[in-house]
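Presented sequentially are two complexes of chain A, the first with chain B as partner and the second with chain C.
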Partner chain A sequence: MLSVEQLSKQIADICPEDHLKSFLQRDVRPDGRSLDELRPLVLAKNVAPTADSSAMIRLGNTKVICGITAETIKPAAATPTDGSFSVNFEFSPVCSPNAKAGPPNEVAQTMSIFLDGILKQVFDNNQLCIEPDVLAWTLFIDVYCLEGSFVDFFYDGNVTDAAMMSVISSLRDLKLPEITIDEETAKPVVNVEKSTPVSLKMIPVSTTYGEFSGILLLDPTARETELGSSPITVVCSEKGALLCFNRSGGSPLSQEQVAAAIENSKRRSSTIYDQYFA
Partner chain B sequence: MGRREAEIHPSQVQKQKEVQVRLGCLSRCDGSAMLVSELGTVVCGVNGPVEAKEREQDPTRVTVNVILHPPSNQQTGPIHRQIERTISGLLASLVQKEANPRCQIQIILQPLESEFCVTPLVNCAILAMLDAGIQMHHVAAGGTVALVENKIEEKQQLDLIGNPTLEDIEKSIGSIHAVFSRTGKLLAVQSDGDFQGHLMDALHKAANSAKPVFNLFQDAVQKRLQTETVNV
Partner chain C sequence: MELLSDEGFRFDGRRAAEFRKIQGRLGVFDHADGSAILQQGNTKVLAAVFGPRQPMASQHGAVSQEKCIVDVEYSRAAFASAERKRRARGDKKAQEISLSLKKTFEATILTTLYPRSAISIFVEVLQADGGDYAVCVNAATLALIDAGIPIRDVCCAVSCGVAIKDNVAYSLLDLAYSEESARIPTIVATGMPKTGEMVFFEVESRLHMDYFRAQI
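Right after this comes the complex of A and B.
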């Protein structure tokens, strides 16, 4: 005799769309969440002691880790008072059966571009300068998805949210030691005792909605993303500034739905900021 | 490569800054289109539905592959991958997936200038798919809006420009490329920069710039069908 859970799981495998629809008709999702409820979010700091700063985000089953390493370089001739940063996102082969070892695939490269685009808006490279035209910091921001699947054109929506949050959390914890250039030897002298944190103009929080038959589902699971059409990602700052609005195509959305999604994202950004970054 | 007098070279056409469409410009593809617009000149070739490689086959639906081939002075990079993903996600939602299981549709986009953006790529891809006769649920069109800051009498004023040029986009604080259905509903969107509370207005304006593109599609297909009939 099958239990209710076993029966439900079998129906989900045989006719997944009907299974999801029957839950949504009752304003609830198969995992028991309401349409605009997040999965449990856990933030762990300093998880990789070899990196200069790191953070891991667990959002339900999705796990993303970010590590930042700072090195010194000579600033580019065109921007002598600016340092630089580069974001590299990869799906680790352990994250899902779809992921393979090797150079980042198209999905991962898109994520790197997305994170880079947001950081360019909130992070000023001027603060990475040590000595104009002589020495500056460069940050290597590595983000790895440890668990989270991706299918065809879009990944588990919350990999986006988790990745964004892990990067911001790592940046907030990053402290760069003071470096002075010795006048006699012209060599850099590092003072580890005195470190200053980097500053962000604002704290961006990413909110992703899956879309299924015209209904928006906050923080979609892999199954919900697979069944629906492309998810929507909205990135807002804690003060309500809209930094990014992306969607790669799917069922038509009305203006009201778009406005509601943006309003919800603004609210969520300030809640996340108060809880984790204030 | 020399110029032939009888053919129109894209650089000549571009100086007129008028939107021009040519369907069926590539004879080796199932469908093709060339689109000349303010935001750049794009050529698109579509092949399909063709048999997909076994490991890429999906038994229930067709696979859509978009390749963005950069102009000759550029190397492909993550930015091209991002644009490819946005466009392939959009086209996959437009195409009748169940009509051709285990098949794939290949869409190859070639912008002819070093500066290009998403909107003409999307519009050209859809024109090429219409030319190829790919079964679609409905048609979509893209529009672009840029948010620029103007100094008028020492006051900073924010203006939304529908149908901006590439120069406008470069100078803008933010730009949005959005794709809409015929009824004005949002299908896909890619935004850059902070819109400072003007996002809904920008989307509304982008929907308005996308409307005349549907007429462009209709005219282009009508012209193409007339040419085909006359040739027969």
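Right after this comes the complex of A and C.
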């Protein structure tokens, strides 16, 4: 005799769309959440002491870890007063049974570009300059998805929001030691005793909605994203500035839905800011 | 840096044959059949096991009627070591380690119980402070146990260096990164405690045969 839970799982496997529809008709989702409820969010700092700063985000079952390493370089000739940063996102092999060796796949590369684009808006490279045209910092931001319900190369379980938050959290914790160029020897002198944190113009928070038959589901799980058409990602700052609205294809949205999604994201951004970054 | 002080202490206060602090947990991932996280001193490794399951299309050539395929993938976070090393996934060093791990576990898992299937083991090094190969083997063994996959015996690995002091050879067990960089002769050995068998053995420097026998 099957339990209700086992029966539900079997129905979810056989006819997944009907299964999800029957829950949405009652304004609830299969995991018991309401349509605009987040999964439990856990933020752990300094998880990788070998990196200069690091953070790990757990959003439900999705786990993303970010580590930032700072190194010094000579600034580019075109921008002598700027340092640089580069974001690299990868799906770790532990994340999926279908992992293959080789360069990051398209989904991972798209994510790197997305994170890079947001950071360009909120991070000023000027602050990374140590001595114009001589020395500057360069930040290597490495993000690894450790668990994200990776289903046949279509990532899920809302890796986007977790990744964005891990990067911002690591940046907030990053402290760069003071470096002065000795006038006589022209060599850099590092003063580890004195380090300053980097500053962000604003704190971006990413909010992703899955879309299923015209209904928006906040923080979609693997299955919800898979069954619906393309998800929507909105990135807002804590003060309500809209940084990014991303929707690639999928079924059409009404203007009210777009406006509601943005409003919701603004509210969520300030909540997350108050809770974790204030 | 002196490897072994006159009183018999190593740089971090351990004795010659003393291990670093070991912390581990099983079942850290929900989606994997078995998973474990293991930390020996400052070296932290995650391992996930998927299987037995149907082999992927790419593995069709290797499918065997008598036993299962063991597939291992080793990966290392760029921020894992003190110096950031960005290695493309699938570079030579990673492949070499993946291959040695694969051979180790092919010998450990009772592969004849699962013909025409595949077992995948994935290992991710989050922090590397010496002995990462050994910790990978240990973490993967824990993940296999968590997955409930039948194995011949628990597979344990340790890295061991030889410090020669006053013409006496001391074995330093469970090397840390600073000891590994001191370029002393190192042996990495993987063995099965109950049966006493050695599964994997690697020596990567010159070592006098007399000292070698003592290490074993």
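Here is the rule we use: the second predicted complex is superposed on the first by the 270 of 278 C-alpha atoms of A that agree within 3 Å, B and C clash if a C-alpha of one lies under 4 Å from a C-alpha of the other, contacts with A are read in each partner's own complex, and residues count from 1 in each chain.
Note that in this section a contact is a pair of C-beta atoms (placed from the backbone, for glycine too) under 8 Å apart; a residue touches a chain by one contact, two chains touch by 3 or more.
Every value quoted in this text rests on a predicted model; they were computed, and no experiment measured them.
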Fit-or-clash call for chain B and chain C when the two complexes are aligned on chain A: fit
Partner chain(s) touched by A:Thr271 [first = chain B, second = chain C, both, neither]: neither
Partner chain(s) touched by A:Gly249 [first = chain B, second = chain C, both, neither]: first
First (chain B), second (chain C), both or neither touched by A:Ser229: first
Partner chain in contact with A:Ser22 - chain B first, chain C second, else both or neither: neither
Contacts of A:Gly67 with chain B and chain C, given as first, second, both or neither: second
Three-chain overlay, vertex chain A: chain B-chain C angle, C-alpha, nearest 10 degrees: 120
Closest Cα approach, chain C to chain B, once both complexes are overlaid on chain A (Å): 6
Contacts on chain A seen with chain B and repeated with chain C across the two complexes: none
Of all residues in chain C, those that touch chain A in their complex: 29-32, 35, 42, 44, 46-48, 50-51, 53, 56, 58, 73, 75, 77-82, 84, 86, 88-90, 94-95, 98, 120, 122-124, 126-129
Sites on chain A touched by chain B in the complex: 106-107, 109-110, 112-114, 117, 121, 152-154, 229-230, 241-255, 258-259, 262
Residues of chain A defined as touching chain C within the complex: 47-51, 54, 61, 63, 65, 67-69, 71, 88, 90, 92-95, 97-104, 140, 142, 144, 146-147, 149
Interfacial residue positions of chain B with respect to chain A in the complex: 77-79, 81-82, 84-94, 176, 179, 181, 183-197, 199-200, 203-204
